[in-house]
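What follows are several structures.
Shared chain: subunit A. Partners: subunit B in the first complex, subunit C in the second.
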Partner chain A sequence: MKISLVLLIAWLMALNSDGASAEVVAVVSAQSTITALSPTEIADIFLGKRARLPGGGTAVPIDQAEDSPEREEFYVRYAGRTPVEMKMHWSKLIFTGRGQPPRQVRDAEAVKAALAAQPNAIGYLDRRYVDESLTVLE
Partner chain B sequence: MNVNESVSIERAERKPDVPEARMHARPSHLLADPRLQFPVIGLALLALIWLGTWMLVDSEYRGARAAAATATTKLAGIYEAQVVRALREVDLTLRFVQHAYEDGLARADTSEPMLPALAERNLLPPDLLFVVSITDDEGRIVERTRSPGIDDVAGLPWFDGQRIADDFLISTPQFIPQADSWVVHFSRRLDAADGSFAGIAIVTVDAAFFVSGYEFSDLGMQGVLGILGSDGVFRARRSGDAMAYGETVDYEALVAANADTADIDVNAWDGVTRYTAVRELFGFPLAVVVGLAEAEQLATVKQSTRTQLWQAFGAGVVMLLGVAVFGRMSWELQRSRIALLAHQVAYARRVEYEAYHDTLTGLANRSLFNRLLSHSVQQAKRNQRSFSLLFMDLDRFKLINDTLGHDAGDELLRDVAKRLSVAVRSSDTVARLGGDEFVVLLPEQNDVEQLTAVSTRILDAVREPFLLAGNDVTITVSIGISSYPHDGLDEQTLTKNADLAMYQAKKEGRNLFRFYADLPPSGKQATAS
Partner chain C sequence: MHRHTTPRYCALALLLASGGGHAAEPEGFSLELDAYGTLGAVHSSEDDADFIADLKQPDGAGFHDDVALGIDSRVGLQLTATFTPRLSSVVQVISEHQHDGTFSPIVEWANVKYEVTPEFSLRAGRIVLPILMTSEYRKVGYANHWVRAPVEVYHLLPVTNNDGVDISYRIPFGDHGYTLLAYYGSNDARLPSGKVEGDGSRGIINTLEFGPTLLRLGFTYSGLQAGALNGFFDLFRGFGPQGQALAARYDLNDKAAKSIVLGLNHDPGPWFAMAEWIRIETDSFIGTNRAWYVSSGVRLGRATPYITYSRKDSVEDFSRERGLDIAGLPPPLQDFGMGLNAGLAGFLRPTDSATVSAGTRWDFAGHFSFTLQVDHVHADDDSFGMVANRQPGLMPGGRTNVATASFSFVY
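And then the complex of A and B:
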């Protein structure tokens, strides 16, 4: 009985991690000088609160499409904000002239292309799109 | 002897009593009385405390009001600049699209969509909040960055308006159910190559964007930020987290009431009283509305003045208690001083009374009689008046003293004194000179008949039997009478002559009265009495 309960819980947990929408990770180009950034630093860069990179240079955040699941997942996970809250956030920053939202690209492939083109660019995508051209910031 | 002394004697004749003494010892000035003095001081201090507090509270309120008005004006200035910049950016986007459209016409390449190219070159505003679209001359959307929430703008005023001439036109707010949000459309005219109407360019903006500058730290939960069309329709209005779109207000009245200074205004749209500033934008048919809720702005000062009022109240209570305690102490001190003074005065008065009165009978004694006599002589001399003296000596008093005892003798003297006092007028003075000798001083009196009547009354009164130690005792009196001025002009002569007359009465058989004037020459010789 006890063993079956433990098994059930383990199975449920496995199901949960499997069943959750894909895990979104922050990435930079493998050629980038950036190798490590804390989740807070990443969130600040994407919220427009920080532009300078630790090693110098200006960070260039790259967003995915507004209605993409990766984008929602990324902001909930790193900044703890829902799409509606993000819209309010940028609305205020743009209106008060204190910032512009990150450049927006179509999909994961476009993110890779953007990262390859700019050494200071930071993006996010589903872990399964990670390849050798990228460094995952963890 | 002067009048004052006479008065003092008169007073001395009264029985001394403490209440009267206290009355005379009362402080002369009302304010010197602690029962009045301390309440007055207390009330004055209380008035001072409350006046000071009132002035402080008043100045704090005035400061807070002025600060709220100033803050409103400042915020309105900032908000105005932000809105104008946002509108300019929207207009700039429309002009880019106009320009790109005309460029496309020039290249005769109208089939190619033009917006992606603009987006590529970062010439369009962020997709998140701004949607750019283009219509044909019928009002159908032919190209767009996203869905503007509308497919056909034919018949709408901001479309039809562009048919006439190019203008920066602003729609009223429109609700987009799919996005669950309100938007405002801004438009400009697109010209065909021949200058004819070809359609419009539209920038659709989330209406909330225009009030997203709402800072809770500045505006609180009840402040207001709004963008109002000159048509009286709010494009967006925000108070705290509450948004409203498309409300209609009286634009002219609102502008007229709040254009110059940030005045207190009960805002028509939600009934909240605010310091309200309305600024009409230059070059746009819009005005910005900024308001700070009075209740919120004055909450701090209200709190602090409430504290001050409580402090003033507390200080007042403490002060009053202090004054009451001091007042009480002071009053007790003064009361004990007054009591002491009264006691001293009463004592002095009793001593004086005893000095001038006979302790046995309560009649005036020899000292007082002498003073009254001198006084009478002076008065009579000055005013040409007369007075008379009746000298009396009880007949065979020694016999009663010896047979019935001293106590009976004393009682008899007291009874005689009473009868004498009854027999004379109230203005006459009866004195006991010592032993069984009495004298009556009759002011303003030298009429023989009157004196005869008085003397007869005295003889009759004394002759009535006395009840002494259970015995009926009968005693008589001999009276000698002298009158001023004809029996003498000074005290000694008058006394001596009255005494001589009395002596003559004794000689003639007692129980008689004799006038000095009637004495035989032998009787007028001074002999031992």
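And then the complex of A and C:
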């Protein structure tokens, strides 16, 4: 009985901590002509494998800071890649001139500013920063 | 990995580019400096030969050094200039163990890229020679799970860059993609024994990507100019028609190297596997060789344990080659001919071997990785293996253990 109570509490705590972790979503400016992209398309754009948007424009991915939890969660969720795998990925491309990683900005506010300035820009941020200036790609 | 778009760097670049003139800042101009490096220490259990990672290395671990630092260590510095969204340029300088024993820096790449469309790009200048799957990044230790690309396969192509042009055309379809890469140019490999030049070097590499899987098929051709053995084969030519025939058959000069390569990479994330196969034909004493490897690892947090198996086989059997027929020649010429035949037999000796490697990479901090690898190299019964500086005590069919500790970074 005691053991099952402990387990129940542990399970509830686990659920709770899960719920508390940030949910990162891919976003574009509300002014953007893009309204939907598949998770694979989003991942390919951020991995440098896809340069074009469905409408024909050149995609401009915007990264958050290198050690931010948002960045880690975004790549794990959309590309299935850990931060180390992403660093290895880009070191394979950079040193042959095949590509450059996305432009990096400081935080969610900076992502919003970058998206507002560039209609073809795509970023990601914690869902709680989403406002009417953004369209969530889902 | 650090993009500098600050006005200070732009101004510096403009000063360099315009010689201090009054050029306006071009839109979208950026300069980026990236660096990579590896410090690797290698020990080999075979004292009568040198284990090397690249044919251009004059010495390695075993005979020359108990612990050799020149096998995997290198540092590379790259400047990427983006002039417009379509026009960019890359210059990379590398310092690594050269044929002459020095670490003098060399220009590995220096090219200009123009993107006609995001899917279609042209490059001109000194460009990577992309024959094998990891050719583009094999020197960047941090980008690789192993300490070095399997020598059985990568020894066959000691050239890494090409002076010429290449085109890359990508056709995306759905979540998949096909890329055609074609190149043309000339190159040279400076080996301790002399320079081997490749001219009219050309190839087509087809890459198919679907999700985490990549398939690669390439066909390449290169003319070869190698003057180092001219003197040796001229001695054969002095023996009349039979010597001329032998020289024509085995000299590397004015020959060609033709290769077919097949590669597979599957990387779903928690684990990965890659395999590569190459057949390279030279119509010379090097003969036709076939080599392949398979490598696989799992990612367990910061640790990536992996195993690799690689092997090389000579397709042509030169064991029946008797060289010059010296019967009936005057005795002094017989002795001389025997000496030449012994020399030729040395060149024709197979270098076939197989290696089993096991290792672990640790991503212990940010842009740094540390890798430990052990190799068990088994030379075929009639072979000394792919080693340098063979000493009289070296026996064919040897088994050698090699241990490597390697530290890499990218910046």
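Just so we're on the same page, the second predicted complex is superposed on the first by the 119 of 138 C-alpha atoms of A that agree within 3 Å, B and C clash if a C-alpha of one lies under 4 Å from a C-alpha of the other, contacts with A are read in each partner's own complex, and residues count from 1 in each chain.
Quick note on the criterion: contacts are C-beta pairs under 8 Å (C-beta built on N, C-alpha and C of every residue); 3 or more make two chains touch, one makes a residue touch a chain.
A quick note: this is a predicted structure, and the numbers were derived from the prediction, not measured.
J.: Please tell me, clash or fit, for subunit B and subunit C sharing subunit A in the overlay.
T.: Verdict on subunit A: clash between subunit B and subunit C.
J.: In the overlay, answer first, second, both or neither for which of subunit B and subunit C A:K49 touches.
T.: second
J.: Which partner chains sit in contact with A:E85 here, subunit B, subunit C, both or neither? Use first/second/both/neither.
T.: Touch partner of A:E85: subunit C, not subunit B.
J.: Contact-wise, after the overlay, does A:R77 reach subunit B, subunit C, both or neither (first, second, both, neither)?
T.: In the superposition, A:R77 contacts neither subunit B nor subunit C.
J.: Looking at A:T58 after the superposition, I want to know if it touches subunit B, subunit C, both of them or none. Which is it: first, second, both, neither?
T.: After superposing on A, A:T58 lies in contact with subunit C but is clear of subunit B.
J.: Quick check for you: in the superposed arrangement, does A:T40 touch first (subunit B), second (subunit C), both or neither?
T.: Only subunit C is touched by A:T40; subunit B is not.
J.: If you tally the residues of subunit A touched by each partner, is the higher count for subunit B or for subunit C?
T.: Subunit A has more residues touched by C than by the other partner.
J.: Just checking: does A:Q104 make contact with subunit B only, subunit C only, both, or neither of them? Give me first, second, both or neither.
T.: both
J.: After the overlay on chain A, which stretch of subunit C ends up in the same space as subunit B: 206-214, 296-304, 314-322 or 332-340?
T.: Among 206-214, 296-304, 314-322 or 332-340, the clash with subunit B belongs to 314-322.
J.: Where on subunit A do subunit B and subunit C both make contact?
T.: 87-88, 90-92, 94-97, 100-101, 104
J.: Looking at the complex, which residues from subunit C come into contact with subunit A?
T.: Contact set of subunit C toward subunit A: 1, 3, 32, 34, 36, 76, 78, 80, 82, 85, 88, 90, 92, 109, 111, 113, 118-119, 123, 128, 136-137, 139-140, 142-143, 172, 175, 177, 209, 268-269, 299, 302, 363, 367, 410.
J.: Residue numbers of subunit A touching subunit B in their complex, please.
T.: Subunit A reaches subunit B through residues 66, 87-88, 90-92, 94-97, 100-101, 104.
J.: Please give the residue numbers of subunit B that touch subunit A in the complex, ascending.
T.: 82, 85-86, 125-129, 206, 208-210, 212-213
J.: Could you list, by residue number, the parts of subunit A that touch subunit C in their complex?
T.: So the residues of subunit A in touch with subunit C come to 38, 40-41, 44, 49-52, 58, 80-82, 84-85, 87-88, 90-92, 94-98, 100-101, 103-104.
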